[in-house]
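Both of the next two complexes hold chain A, though its partner changes from chain B to chain C.
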Partner chain A sequence: LAPWVPVVGLEIHAQISSNSKLFSGSQVQFAAPPNSLVSFFDASLPGTLPVLNRRCVEAAVMTGLALNCSINKKSLFDRKHYFYADLPAGYQITQQRVPIAVNGSLSYSLCIDNKMSQMVTKTVRIKQIQLEQDSGKSLHDDTRSQTLVDLNRAGVGLMEVVMEPDMCCGEEAAAAVRELQLILQTLGSSQAVMAEGQLRVDANVSVHHPGEPYGVRTEVKNINSIRFLAKAIDYEIQRQIEELENGGTILNETRAFDSKLGCTVPMRDKEGKQDYRFMPEPNLPPLILYDAKSLPANMNHQQVINIDWIHERLPDLPSVKRKKLVEQYGILPEHSFTLLNEEGLAEFFESVVKQTQMKPKKVIGWILKDLLSYLKQHSLTVKESPVSSFVLADLLNLLEKKEISSTAAKQVLAELWKGEGKTPLEIVKEQKLELLQDQKELEQICQAVIDGHKNEVIMMVLG
Partner chain B sequence: QKVSVEVLQHLEHLALVDFRDAEGVQRLQKAIQFADQLHEVNTDGVEPMDSVLEDRWCLYLREDDVTEGNCTKELLENAREKVEEYFVAPPGNIPLPKLEEQETFLQGS
Partner chain C sequence: AALNGGLRSQVSAALKEGRVAPTELCQRCLALIKSTKFLNAYITIAEETALKQAEESEERYKRGSQPLGILDGIPIAVKDNFNTAGIETTCASNMLKGYISPYNATVVQKLLDQGAVLLGKTNLDEFAMGSGSTDGVFGPVRNPWSYSKQYKEKSVPKPHPEDEESSWVITGGSSGGSAAAVASFTCFAALGSDTGGSTRNPAAHCGVVGLKPTYGLISRHGLIPLVNSMDVPGILTRCVDDAAVLLGSLAGHDPKDSTTIQDDFKPFELPNLADVSKLSIGIPKEYHAPGLSSEILALWSKAADLFKNAGAKVVEVSLPHTPYSIVCYHVLCTAEVASNMARFDGLEYGHRSDMKDSTESLYAATRREGFNDVVRGRILSGNYFLLKQNYEKYFVKAQKVRRLIANDFVKVFRSGVDILLTPTTLRDAAPYTEFIQEDNRTRSAQDDILTQAANMAGLPAISVPTALSERGLPIGLQFIGRSFQEKQLLTVAKWFEKQVQFPLIQLEEVKRHDSDVFQHQKSASFS
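== the complex of A and B ==
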């Protein structure tokens, strides 16, 4: 049997973190009374016009720069037409012809064979990033055969990030999305929480034999977590391979991932290919961005977006942060991944290091093994940790000064998790865990043990 | 050059229009013919223009402030049906009947 080459591409929609919507002044908020965050424009009432939100443009430029894209100094808005109850205008304003950013790349890391010590770096090309409107939400009421529509989300700004089909499996896609998520959160351009719909991922999957043209691809939607993303993609790859090996064909269709059954199912009616009748958005002139060289002399600052200014103020991206952690503290690369993978953990680690004499290389073990495993067991975030960095540093200092043993330290930590407010020293005293340093005292204890077990001593001396 | 029945049906589907009768279809054909005159101009190597504003800056950028919303009542005034402040719509798109099932003029074409 000839080998199969799976091909995976991703279309990711990230909700822009902003106060108001992309083209209107209504608020962006996750949970709110239905249709309370909706302006006349969002409801598509006649006579309303789109007005572009500056913050959304800056978010897209930041993201484009972080993903090594070329920022288009002139980009255009278009209308994409289709009918659906949660799209009151009958079209979505998007950037189909000339998006705001193109031709970037994203590097991500994978563990080989699940061994964190063997990590490999991969790159996926970013085709483009475009600004577009989100649609409202439809709640399907099957019992009454109706759909309830809430337009609170209609018009919220989205960045669509299109990743080229450079990935080959669920694991790669999951790692790429995870890294993108971390980047977006670091930039602050999107909070990228998948569970709240701030990050939505659609996967394009196909398989072919090496040397042959790409196979027909399917689009997989309705994926609600990074874990399910990997599962959905791997399932779809298997399904396609089995179908083809059984002499079947793959339809160019949209499938939904059913997380309960762990499989993909056909989603849309086969109405034939959608014809979106793209046309330029007549109410929006081209979006012009500037850089230091092209900055116009006499223009209102508020109306000018300077790409170079934004570039200079980009925060350290995750990959840079990891490198710095490794260089500054001498920890292993895989440690830096785990530190950044957990919100607040890197800061916690650095805080402990500042407050203790123990070497960072030793501290990291306590952070990644003891602290993190406890938090995971109890489903707590770093913020919710009953043990603060101050308290942990205090404990590690006792260990470092050899006032307690390593075993004793773990015992104290177990007690500290209870969060009863006791200091490490108090617990050490309570449970009499102090290491004895006094030579004479130690001799006395040993002698007492020997005296108390005369028979055993004789047995040992005799061999 | 006549516009085919398939294209007419496709247009009716996409834009939810109804060409009604032979006169309507003819009007469409004439409109297409009129627009086709644009092809007589050689536009090789010329960038399409969709705005007379070209590169002149004038896309107004709004500050990211919350200035609108909170008008649920007014918005729902226009709704034919509502349920607890939600708009009510039919369950998903109602598929248009196939050509054979329609009572349109196009059937007879």
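== the complex of A and C ==
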């Protein structure tokens, strides 16, 4: 049987982290009472007009720069028409013709064969980033045959990030999305929490034989976590392969991932073959961005966005941070990868390192093995850790000064997890875990043991 | 006091000097509205709030504190496609019957902030689609001139009174209610809208001044859109000076409307132009359009001679793409209409059908019940042009043609011409019974031909009442100016207005009501 080459592309919608919406002044807030954050424009009251939110544009520029994109100095807004209860105007304002950023790339790391020690770097091309409006939410109440519409989310700014079909499986897609998530969170352009709907991922999946043209692709939606993303993609790849090997065909359709059953199912024809009748948005002039070269001298800099100015102020991206951690502390790349993968863990590590004489190369073991596994076991975030960096550093100092053994340290740590507020030293004293340094005292103890176990000694001497 | 005279020179002065009180003005206007009800110019009369506004204005004048401006205490009417908080806004459609907007359009707010008294909302073609003000759900608007001595004198006496009744003529459209309101003295100025000529056309038919400002000069926030890329708020007044006053109150950047220009706007008073010898007037030959009445053609020629004899340079120019503007407009207008009307689904506001089977059927029934044939027809056309397979062929093509039309004007203005002089309409106002023989689309296509191109190019244009036709009905001529050169445009228009001395309408109702307030004058001009 000829091998199959799976092809995976992604369409990611990231909610922009801003105080107000993309085209109106109403607030952006998660889980507010229904329809409490709706301006006249969001409700599509006739006669209202869109006004572009500067912060949203800056967020998109930052993200574009972080993803190595070309920022289009002139981009345009369009209307995408379809009728749905959560789309009050009957159209979404998006950027179909000329988006704000194009032709970028994202590098991400994968472990080969599940071994953390063997990491490989891959790249996925970013086709474009476009600004667009989020829709409201509709809840279908079948028992009462009604639909409840909440417009709080309608009009919130989104960045749609399109990743080219350069990925081959669920693992790659998951890793790419994870890296994007970290980048967005580092930039602050999106909080990118999937569970709160701030990051939504749709996957485009197809399979083909090497050397042949790409197969028909399906779109997979309704994926609520990175873990499910990998599962959904791998299932779909498998499903397509089986279908084709059994002589069937793949339909160009949209499928939903059912997390309970772990499979994809065809969706009701929601967007299928719709003609969106794209039209330029006549109420918004072209979006013009400047850089240091093109910025006119007399322009009020509060009125314009300067791409170079934003570039200069970008924070260190995760890939840069990882390199710095490796260089600064002599830890392994896979260590720094894990450090950045957990929110707050890198900061925790650095904080401990500052407060202890123990070498970072040794500290990292305590962080990644002991601390992290404990947190995972109890489903806690670093922020929620009952053991603070100060306390851990304190403990590691005792170990470093050889006042306790490594085994004892683990025992103390176990006690510290209880979060009863005792200091490491107090626990050491309580449980008499001090390492004995006094030679004479040691001899006395050994002698006492030998004396107390005369029979065993005789057995041992006799062999 | 001659209160049908200019706002700045006469009415405002009278208010300041206490010769007349704002409440008095307001009450007289309200009474006149009642007695001219048969015109059907108003959809909603905001009597209570108007009187309250008048009282507040009166307080300001009494206290001797500075009035808010020239418009303080002046009764104004607003076309019913502008949002007015707390006052019904219907767009003459079933879709918005009973709709009370929670906010004021920027232009409405500006008027109120300056103390204007908002009398009510005027009638129009449904959603501003039409050129007769005959296709709204509240019925057609009647041209006040139908009841003028001038028209009656010229019409063949009818054997039966019913025929008399049915010989009334249309106002033109779509801002017919506003034009009729100004022409019948029920208000001192009115807001209209202009997308293809909707302010200038009824102004010409009703014998009032109709100004279409440059696109981007006046905010559209709160104006329920027809074609976002062409709509402008329009100004209807009894003289050109008054149009300048209104323009001064309304123009300027609005952060709520991203298509308004950022530049500061300085309100201006119009000079009394004595010398037109430095002026170059262009006569575009394509505006000698098929169907142009010989009467209007002659009047246009006479007007050109007027300028020539006064020393101006009058040249024939060409705007070669003019004949394409109607089909181009049709594509672009219907496309934007299809888009703009998509929000009317009955969910958030407006009419909602009882059909409950599904969301789709609710939408379909709501829109069928809420919109008239004209609106639905344009939506269907527009959606057709926006289909993926048609977009390049129609929409993009039309945008390109639009660019050519706009460039025609650029070329002509660059060649040294200051102002263009053209007719506004093909003929004087038709009788209603004749007008409705053809459908809305046909009429719009015919009637928009002379006004439409200015909207394509975003240029300012004004219709000035010029003379009465053989039937005793008003004919207006149009001036088109350069972008944002309203001062020059209005200055020339004012000079022309003075030359032609258009007669005052002689209306029985007005005479009866306000003999001691509204005096008759031989002309509407003043120094």
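Definition applied: the second predicted complex is superposed on the first by the 460 of 463 C-alpha atoms of A that agree within 3 Å, B and C clash if a C-alpha of one lies under 4 Å from a C-alpha of the other, contacts with A are read in each partner's own complex, and residues count from 1 in each chain.
Everything that follows uses one rule, which is that a contact is a pair of C-beta atoms (placed from the backbone, for glycine too) under 8 Å apart; a residue touches a chain by one contact, two chains touch by 3 or more.
Here the structure is a predicted model, which is why all the values come from computation and not from measurement.
**Student:** Looking at chain A, which partner touches more of its residues: chain C or chain B?
**Tutor:** B
**Student:** Between chain B and chain C, whom does A:83 touch in the aligned arrangement: first, second, both, or neither?
**Tutor:** Once the two structures are laid over each other on A, A:83 reaches both partners.
**Student:** In the overlaid three-chain picture, which partner chain does A:48 touch, first (chain B) or second (chain C), both, or neither?
**Tutor:** In the superposition, A:48 contacts chain C only.
**Student:** Is A:168 touching the first partner chain B, the second partner chain C, both, or neither of them?
**Tutor:** Touch status of A:168: no partner.
**Student:** Please indicate which partner A:147 is in contact with in the superposed arrangement: first for chain B, second for chain C, both, or neither.
**Tutor:** Touch status of A:147: both partners.
**Student:** Using the superposition on chain A described above, determine whether A:91 touches chain B (first), chain C (second), both, or neither.
**Tutor:** second
**Student:** Touching A:278 in the superposition: chain B (first), chain C (second), both, neither?
**Tutor:** second
**Student:** Considering only touches as defined above, state whether A:19 meets chain B (first), chain C (second), both or neither.
**Tutor:** The first partner, chain B, only.
**Student:** Give me the intersection of chain A's contacts with chain B and its contacts with chain C, in residue numbers.
**Tutor:** 40, 43, 45, 51-52, 81, 83-85, 145, 147, 149, 275, 277, 284-285
**Student:** Enumerate the contact residues on chain A facing chain B in the complex.
**Tutor:** Against chain B, the touching part of chain A is residues 18-20, 24-27, 33-41, 43, 45, 51-57, 74, 76, 81, 83-85, 138-142, 145-151, 269, 271, 275, 277, 280, 284-288, 296, 299, 302-303, 305.
**Student:** Over in the complex, which chain B residues touch chain A? Could you list them?
**Tutor:** Result: residues 10, 14, 16, 50-51, 53-72, 75-76, 78, 83-93, 95 of chain B touch chain A.
**Student:** With touch defined as at the start, can you tell me which chain C residues reach chain A in the complex?
**Tutor:** Going by the criterion above, the answer is residues 82-83, 91, 96, 101-103, 105, 220-225, 227-229, 255-259, 335-336, 338-339, 341-345, 347-349, 356, 359-360, 363, 383, 386-388, 391, 395.
**Student:** For chain A, which residues are in contact with chain C within the complex?
**Tutor:** 40, 43-52, 79, 81, 83-85, 88-91, 145, 147, 149, 275, 277-279, 282-285
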